[in-house]
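A single structure is presented below for examination.
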Amino acid sequence: MKESFNLRNVEFKNRILVASGTFGYGDEVPDLVDIAKLGGIVTKSLSMKPRDGNPSPRITETSSGMLNSIGLANIGVHKFINEKLPTLKKSNSTIIANIAASSVEEYCSVLELLDGQEGVHGFEINVSCPNVKEGGLSFGTDVKLVSLITKELRKRTQKPLIIKLTPNVTHISDFARACETEGADAVSVINTVIGMSVNINTRKPKIATTTGGLSGPAIKPIALAKVYETCNAIKIPVIGIGGITSWEDAVEFFIVGASMVQIGTANFINPATGISVVEGVKQYCEKNGFDDVEQIIKSLQTDKTISIVDSWL
Amino acid sequence: MKQEIVQIHSLEYLTNEILELTFISDYLSSVAKPGQFINIRVGDNFPLLRRPFSIFNVEGNKISIVFNVIGTGTKVLARKRKGDTLDVLGPCGNSFLLFIDDSFDTAFFVGGGIGVAPFPFLTKHFPSHKKIVTYLGGRHKKLIVTKGLKNIKISTDDGSDGFQGTVLDLIKKDFQENDYGKIRFFICGPTRMMKAVANYANTINADCYASLECDMACGIGLCQGCNIEVIGGERKYKLVCKEGTIFETKTVWL
Amino acid sequence: MKESFNLRNVEFKNRILVASGTFGYGDEVPDLVDIAKLGGIVTKSLSMKPRDGNPSPRITETSSGMLNSIGLANIGVHKFINEKLPTLKKSNSTIIANIAASSVEEYCSVLELLDGQEGVHGFEINVSCPNVKEGGLSFGTDVKLVSLITKELRKRTQKPLIIKLTPNVTHISDFARACETEGADAVSVINTVIGMSVNINTRKPKIATTTGGLSGPAIKPIALAKVYETCNAIKIPVIGIGGITSWEDAVEFFIVGASMVQIGTANFINPATGISVVEGVKQYCEKNGFDDVEQIIKSLQTDKTISIVDSWL
Amino acid sequence: MKQEIVQIHSLEYLTNEILELTFISDYLSSVAKPGQFINIRVGDNFPLLRRPFSIFNVEGNKISIVFNVIGTGTKVLARKRKGDTLDVLGPCGNSFLLFIDDSFDTAFFVGGGIGVAPFPFLTKHFPSHKKIVTYLGGRHKKLIVTKGLKNIKISTDDGSDGFQGTVLDLIKKDFQENDYGKIRFFICGPTRMMKAVANYANTINADCYASLECDMACGIGLCQGCNIEVIGGERKYKLVCKEGTIFETKTVWL
């Protein structure tokens, strides 16, 4: 059974990764999880300088989901290189460095610093960051900026370049196409969905920044629809993310068209979720007579007789 | 730290409102330290996140927690029965034991409501040559748990048990009436109570260590959701679940 | 305690309505619910001709939510006027006719037919419909079309005109502003969120039309964030919809800025949800010393020291 | 139709895999008719939607349903205990009684797996002058429930009980070996089985009435989620929950 996947000459052991911001820098849970069994680890978003992140409270639970506004708290790229990477290198894992920034220049500088590092196998670019020049509007909701970031970063690395898209746009496929055009190797779909929650006794928002990012099983149907839309728009691989807690969920994303998947919030509940998803996907394929996970990817059986014009909600 | 499926040994009411749940774990009972917590997945699908609970007691290979039914998670937990399994992750957080040294004579344990939870286990492991006074505060009698505690002084808002008033009033009164030598506070409870006690500790020049509570998504340092603002120091925030839950109150903004 | 609300001279007994498509034409549940206790009833979307709706399966459950693609199955405006309205008139309820159409002309014609009907107290316009002229793209994702629809309908009625917005856009506030400019009396926020779900055994979508509309508690945080965004952008009332199952949920929407709320999916689980929300909101106000629900509306206590630029997710 | 909070009277295994849950309802026991279903909210928060269950039996003021644990809802239901409350809405749907008249002699009840559910209650209320033959099909013995049924003939896929083969093979064999006069089918089970039986009924010129299953959001006509395509007729679809669940199989696309 072939489980591995190749992206721009980087070999992923399997197609199950852990998502940015939900697994630290890969060194938090050595007792609990054998990270070498995962397809790869996407680091917490790294910015040039360390970031304290947002005030508390930063998280709150919702129905089958959670809101967060961590504020991309991170140790900064230098400390990552000096303190985290040496141990990560020894772990025999595929490491994707996720980058966050508040200007195009910062994206470029952080990537350049990491590109020379042997232990960094590729990049995922978090474009759901406030563009300081534009008063804080997210880069990720402006196709031109996403194009520009992709183009500039592509010039600077020969390693896999993955753009992580936000679902908070009308047509995510427009963004995916822009990434493809500018030379991205893949897109990750989706980052969190904007949401909010209120404490009716204090009448304050339940997270300090008022709105935050919704994740977890609640958003799985949304993520699947976005992955489906994206897979129908581009030819480069799509990495599916959003509400995956079981191998069954992962298989749904594969069927819809995702080439790899990432597990986020589920790590908080069960840090070994990734490992069990790897096992489950393997067994599903074996049971159904597939000898490569590739065979289930984009195998959705839709009814061609139903047209969009007819399909009012 | 491990993730384990354990079996429930018993679930019983300690008071009309507070339950003690006991389960069996060779691992946890051998490694857990007073002040640490475990993170319990109370249901398969609902609620989504684990719920943290202080370790209330360890006896043989049995671990227990106490809780009162206040929301979705504790409601599900209260419906468990002997023999049911539970998915627990722990032990998490630091221990009160880190903050016991020669520089004090008497420990003031202060538990507000269900904040009493860590003290029986701590009492058991406290150096026997030190004096302990345990102050318990609650809205009413049904929220006062005394099991496993020493030298207990009680206050209730409605006077249904012990002193009528806040636990701080009780402490102040007691402090004035007795000589406890050099005091160190170990406290756990609602933030408002902890703030008040910490301030008072300051005024009487006593050290104060508090076990903090906050919403947690993971309990093990993965999500960075449990930040507490640090006073001074290099970083602005620390993580309650990993760098706490016990902090010297002078070092954090409660 | 004042519970009522006035919109363009129509008096709603209270601020709790039942949402379009989740309560039939108000005549399905007479034994179970005393509809006269509700603030009002929004009818199933009405189109000019009867619509059969989509093939089955049309619904599937998701984590704390459901997907539907009913396809706006409805009896058509004529049958509604002839067969449903006479009984509805006698019910002493405030009736909002929801209109769906596949062209601007159809919206206008359906509204004109209903405008003369005494029992119809106002209109809610469902713009989440495929625009047949544009190959099925939703009206609701094009600001110009939403403006045009509002403008044309405003010319044709003096009754309350409410535009129901889709959340599947980047900036819902742009749409709300367009409606305000063109003379709408209120906007309803939100319709369902696009989602999908797959049966991993058959590898078919779980609903026939592949994607469908996500509703229920799962989307409540999303709806709250959209209502918050909208309330900060316009001065006309906003009607909050999305995942409300309890009075506590309704109060969250009021605090964020909604002037009224609608209950959708919760009716399927408990058809009397609306009645219990009316009761609960009243008690909350009384307990907290408010003598008009208006006093809790837009009473959110945010921390003004946190700027957007700082609030990275 | 009413929404009621009822109390569970018992929950017991009829076979290794099938449970019977009995609750008390004066209202339902007085108005429910064979073939109708009730819509149960199995948990407070999870799963979100109610689950429909056929009425299996009515005795005095007690109503019962049967189910096997196949997914999230039935898993929660199986953990209930005597005395727990349940939120039920019903009775919903039409009744088999609508389709009993003078134009047949023998009723063939056909239950596939848990599709046996409506037949005991129907048996009780069936005109005593008509003959009933009950055909039960299941994957294996543990899925066969015979309680409250008459004149039972069993088939299992693995031959662990009765005839080895499909229930349709059993019916065919029985039909050839005996003379039942004019037959009318009343069937309930997996769609594939119902299709096959309905086709066969056609070939032998027997009427066939099936209780259909499909995912339902409301069960009472509010959501329009439970459509079934009609053969001929003015409208393209009917609603299973309200206009069914029982349809003459010739009139719908199974």
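As written, the chains take the letters A, B, C and D, and residue 1 is the first residue of each chain.
One rule holds for everything that comes next: a residue touches a chain if its C-beta (ideal position, glycine included) is under 8 Å from a C-beta of that chain, and two chains touch if they have at least 3 such contacts.
Worth saying up front: this structure is predicted, and the values here are computed from it rather than measured.
> Both chain A and chain B are touched by which chains?
none
> Compute the distance, rounded to whole Å, between the mean C-alpha positions of chain A and chain D.
Inter-chain centre distance comes to 46 Å.
> Can you work out the whole-Å distance between the CA centroids of chain B and chain D?
53
> Distance between chain C and chain D based on Cα centroids, please, to the nearest Å.
So the centre of chain C lies 37 Å away from the centre of chain D.
> Got the chain D residues that touch at least 2 other chains?
As it turns out, chain D has residues touching two or more other chains at 45-46.
> Can you list the chain C residues in contact with two or more other chains?
In chain C, the residues touching two or more other chains are 53, 55, 63-65, 68, 70, 216-217.
> If each chain is a dot and touching chains are joined, what shape do you get: line, ring, star, complete or other?
Its topology is that of a ring.
> Following the definition at the start, I'd like every touching pair of chains, please.
A-B, A-C, B-D, C-D
> Any idea which chain D residues touch chain C in the complex?
Of all residues in chain D, those touching chain C are 1-3, 41, 45-50, 87, 89, 214-218, 220-229, 235-237.
> Considering only the defined contacts, which chain D positions touch chain B in the complex?
Chain D reaches chain B through residues 43-46, 72, 75.
> What part of chain C is in contact with chain A in the complex they form?
51, 53-55, 62-65, 67-72, 100, 102, 128-130, 132, 135-136, 141, 168-171, 191-198, 200, 202-205, 208-214, 216-222, 224-225, 228, 243, 248, 251-252, 255-256, 284, 296, 299-303, 306-313
> Residue numbers of chain A touching chain B in their complex, please.
Residue list for chain A touching chain B: 21-24, 28-29, 31-32, 44, 52-53, 55-61, 64-66, 68, 70, 73, 216-217, 265, 267-272.
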